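Both of the next two complexes hold chain A, though its partner changes from chain B to chain C.
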Partner chain A sequence: MDSLFAQLVVLESSLALIFGLVLLWRRGVPAYIHAFTWQSLVLAAVAATVGWFGRHRELYVVAALLIAVKGLAIPRLLARMERRFASERELAPYVNTATSLVVAGLLVLFGAAVMRPVVMASELPTRTAMPLAMGLVLVSLFVVVSRKKALTQVIGFLMLENGIALLALLGAYGIPLIVELGVFLDALMGFLVMQIFVYRIHATFETLDVDQLDRLRH
Partner chain B sequence: MTGWAIELAQAALVLALAPGLVGVVRWLKARLQSRRGAPPWQPYYELRKLFGKDVIVSSNASWLFRLAPYVVFASTAVAACLVPSLAVTRPLDAVGDLLVLVYLLLLGTVFLSLAGLDPGSAFGGMGSSREMTVAALAEPTVALAIFALALSAGSTNLGQIVGRTLADPAAALSPGHLLAFAALFVVMLAETGRLPVDNPATHLELTMIHEAMVLEYSGRYLALIEWAAALKLLVFFALLGNLFVPWGVAAVAAPAALALALGSLLLKLAVIAVVVAVLETRVAKLRLFRVPELLSVSFVLALLAVTSSFLGR
Partner chain C sequence: MLFALLLAPALASAVLALVVRPYRAAVGAVNAALSLVAVGAALGLGREVLAGRVPVAGPDDVLRADALSALLAFCVSVVGALAAWLGPGLGDDGWDAGQARRFRIFANLFAATMLFAVTTDNVGFMWVAIEATTITSALLIPLHASKASVEASWKYVLIGSVGIALAFAGTVLAYFDFATLVGRDTAALSWTLLRDVAPALNPRVLDLAFVFILIGYGTKAGLAPMHTWLPDAHSEAPPALSAMMSGVLLAVALYAIVRWQAVVRAAVGPGFADEVIGLLGLLSLAIGSLSLVTQRNYKRLLAYSSIEHTGLICVGLGLGPLGVFAAMLHLLNHSVAKSMMFLLAGRVLRRYQTAEIEGVAGLLRVMPWTGGFFAAGMLAVLGLPPFGMFVSEFALVRAGFAAGRPLTIVLVLALLAVGFVGVLGHLNRMLYGRPPGGVPVGEGGRWALLPLGACLVALVVLGLAVPAPVERLLLGIAEIITP
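For the complex of A and B:
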């Protein structure tokens, strides 16, 4: 039973990590939005799996909320932003694609090395997936610092948030529901604020390239 | 004794099946694109025709040009014999493991590139240079993906990897296996010159790779090279099918088990052929400069495969 649990969780975490890597390889924002949607759905599946095998009823609520907020609402808002800024593709990131991918691979290895003591100390059946969640956190952070377009950075931030949620689910079988609700609200509000920022950046500088932000306009 | 009999039967089967596999992929692609398409057995007619034709060799070509088709065909044929396509335990398992298999295939690639350079035509040189770029980038991925499999099986021996997965079916669903499968699939597309990397349907494109190298060949040399290319495709399909989804491979040398193994092999080949045909219909060819990016994606997948099979132990 426990081995099936561990296997499922590791499988789902790997999928979440791979959807994170899509950000480094594809160039169009629609592909990023799809990747984020699928990653959120996988995260909901992780919550449901942990809820089922770990006998935590309230994780089903978390899974439902994940699907509603991160699987449906935020992707819809993102798609609306994307339609508005259709020409803003991630063409020239600071780090080119091939190097980014190799760096991402190394970051995943680094995450595994960092999490090794935690994995050794833990008794949970989910412990083998924790390095993958750490890898997702590091890779998303790398996306945020190495990409130029504000929209890509927003999606990178959302994936970072997913990674932290995944780590919490695996390491502690989720956090108390009330805290979880607060985090959801936080993420949603943060996203809305970022959306307004993106619109403002575009209105002022006529581009979403954050490189242009140090340019004087007035 | 029965071991060698099975080995011979397997070699004959693989050699006979390879052109048909290429034909099936072509036929499926044609049907998917609403064309009638040549029948799946068309490559056999082509091979017969080519074997009957005279050979024309450029006056600039050296002995290497004449030797290369035989080396390419022989190395690919030996590699095809090493794959456990029907039975798990075979006498040839003692001859070579997964690493030998991969480097036999690479030997063929190297000789083909040398042959592309030899007659001094511009296309051949371009094709060879590109083929070497792709091969150099695909190599580390193959090595890593193999390492992921070998780590979870505790051996690089092909028969043992298959046997281990048969004994422990859950291992086939482990992330290490799935990621290694994805990595090897991408490498298979690159190494056998399938669509996102190279276009197998034409030799009239400036960006062709495989077809550019063999442009100077004719007659039986071309037949051998075409047959070897088909064999390489079959080797990769059989590897993907039998290493990662080993069910059906005969564990004992009984007639019933072997018949089942034959059936499941044909089924797996058909499934992978359908997947490749659909993929080739859906995707466009990548720009040559994006090919390294595709291959680095597969490299990262292989790296993750090794990481997770290492962690999952």
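For the complex of A and C:
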């Protein structure tokens, strides 16, 4: 039973990480939005899996929230922004694709190294997947700092949040529901504020290229 | 009851500003009056704590105030009151009704989230509240929509959110071990419980968690090298918001770090946590001080000075009980001094219509009171007697020697000297000389000088002798962090 549980979460976590890597080798924003949507659904599946095998009913609520907020609502808003700024593609990121993928690989390894003490201290069947979650956190962080378009940065940030949520699910079967609700609310509000600013950046700078945001230097 | 009086005024003011459309000055007046209730409640919490009690409230005692909470609640409510009295929407200040309404809604929510962050015992809720501070304050930075302010707020939102997400990762990592120890319920994120069972936690996991927490909350606190958003956001925000961000938001982020420092110290001993905090502090101090010299914009000058002082506070936090005492005194001084300075800078900006140091001359002749306060405040920020920061910096130096860290102290003093010389030159240029043509002479909005003068008096009082209740409160804090 435990081994099936472990295999399932490792499979799902690997998928989540792979969807995160899509941001590094694809160029179009629609592909990023799809990747994020699928990643959120996989995350919901992790929540449900942990809820089933770990016997934590409240995780079904978390799974439902994940599907509603990150699987449906946010992707819709992202798609609307994408249609509005269709010409804004990630053509020349700060770091090119080949280098990005090498860096991502190193980051995943680094994440595994960093998580070693945590994995050794844990006795949960989900512990083997924890390095993958840390990998996703680090790769998303890299996406945020190495991409130029505001929209890509937002998606990178959303994936960072997914990575941390995955970490929480694997390491402690999720955080207490009431705190989780607060986190969800923050995530949603934070995204809405970011969305407002993406529209504003476009209105004031006529591009989503944050490279153009260089008025404030020194 | 005290907690309700602390949190309700800001929430009520925000709701009031939300429902009254269009904005009326009466909303601002009610907001200003209510903000004093919060200050009273914070003082009440301080009195309870000094009487040896620990006020708690709510289910699972989710609200709890010890000496550390009481100090921060006081700082936040005082600066919140300053912003309520001097912010947009009271008197003729050049803001229109829409801007005033937006300010009153979000600034009050901002204050409420900060007050909740420093009075909740649950580290999960503390995180939620600090994340919410980013959301509530970001929308206010471009109150005057301009390219520079949109750019500043984007950097703030993105870097702030990413940073705070890392702090959440750290919280989650610390929770792993903790959940297996005490079980998985809401109380399992209680700071009190966390610190009590800390010795049983896995030291290596906790060290890793602390690195994430320090980088995460450190981003919000403006610690180098994660400080890049700070000069932009603090200089582009409207003055009253800059006062809140610089005066207390940095302090609230430091508060979160200190809470976790206490847990890590209890679990693994002082070594690791104190080292890394001190190191990041020193780096921030260096970057802050050196950047002061080259600034051409006086609001950015104040912002870099905030990085410098945050660094100084962190250096103190890494120096044991005496250092914590000095750091917390410095935090109090900085809250008062920097919020006053940003509000004064707002007056200067409004008169001269430029934030460039070069564009401001003859300030003492144009606005004698504002100029005088600005000069005195700047000297206070530089750590000259008879102002409070002289005392806290002196205490920090003594703590450094007591902790056997003379090299650190020599470095700190050298960096402070660099900043000192740089700022004096800038200040000189602003105060004297011939005012540029077209700048009207004479003070406007005199009543606003009253609260600002009160800040200056407070700084002098703190500089002459630390009042006995404050000293006892600070000793209580040192006891909490470094038992």
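Throughout what follows, the second predicted complex is superposed on the first by the 214 of 218 C-alpha atoms of A that agree within 3 Å, B and C clash if a C-alpha of one lies under 4 Å from a C-alpha of the other, contacts with A are read in each partner's own complex, and residues count from 1 in each chain.
The criterion applied here is as follows: a contact is a pair of C-beta atoms (placed from the backbone, for glycine too) under 8 Å apart; a residue touches a chain by one contact, two chains touch by 3 or more.
Please read all numbers here as calculations on a predicted model, not as lab measurements.
K.L.:
Based on the superposition on chain A, does the combination of chain B and chain C result in a clash or a fit?
P.N.:
Chain B and chain C fit side by side in the superposed model.
K.L.:
Decide which partner touches more residues of chain A, taking chain B and chain C as the two options.
P.N.:
C
K.L.:
Angle chain B-chain A-chain C between C-alpha centres, in steps of 10 degrees?
P.N.:
150
K.L.:
Let me test your reading of the model: by the given contact rule, A:L132 touches which partner, first (chain B), second (chain C), both or neither?
P.N.:
In the superposition, A:L132 contacts chain B only.
K.L.:
Now for A:G182: first (chain B), second (chain C), both, or neither, which partner does it touch?
P.N.:
Touch partner of A:G182: chain C, not chain B.
K.L.:
Have a look at where A:S146 lands relative to chain B and chain C in the superposition and call it first, second, both or neither.
P.N.:
After superposition on chain A, A:S146 lies in contact with neither partner.
K.L.:
Would you check which partner chain A:L17 touches, where first means chain B only, second means chain C only, and both and neither mean what they say?
P.N.:
A:L17 contacts chain B only, not chain C.
K.L.:
Touching A:S40 in the superposition: chain B (first), chain C (second), both, neither?
P.N.:
In the superposed model, A:S40 contacts neither chain B nor chain C.
K.L.:
Shortest C-alpha to C-alpha distance from chain B to chain C once the two structures are superposed, in angstrom?
P.N.:
Minimum over all C-alpha pairs: 18 Å.
K.L.:
Quick check on the output: what are the common chain A residues between the chain B footprint and the chain C footprint?
P.N.:
Common interface on chain A, chain B vs chain C: nothing in common.
K.L.:
Under the definition above, what is the set of chain C residues touching chain A in their complex?
P.N.:
Per the touch definition, chain C meets chain A at residues 122, 124-125, 127-128, 131-132, 134-135, 138-139, 142, 145-148, 150-155, 157-158, 161-162, 165-166, 168-169, 172-173, 175-177, 179-180, 184-186, 188-189, 202, 204-205, 208, 231-232, 235-236, 291, 294-296.
K.L.:
Give every residue of chain A touching chain C within the complex, in rising order.
P.N.:
56, 114, 117-118, 121-123, 137, 141, 144, 150, 153, 157, 160-161, 163-164, 167-168, 171-173, 175-176, 178-179, 182-183, 185-186, 189-190, 193-194, 196-197, 200-201, 204-205, 210, 213-216, 218
K.L.:
In their shared complex, at which residues does chain B touch chain A?
P.N.:
170, 173-175, 178-179, 292-293, 296-297, 299-301, 303-304, 307-308, 311-312
K.L.:
Touching residues of chain A toward chain B in the complex: what are they?
P.N.:
Per the stated touch rule, the residues are 3-4, 7, 10-11, 13-14, 17-18, 21, 25, 97-98, 101-102, 104-105, 108-109, 112, 119, 128, 131-132.
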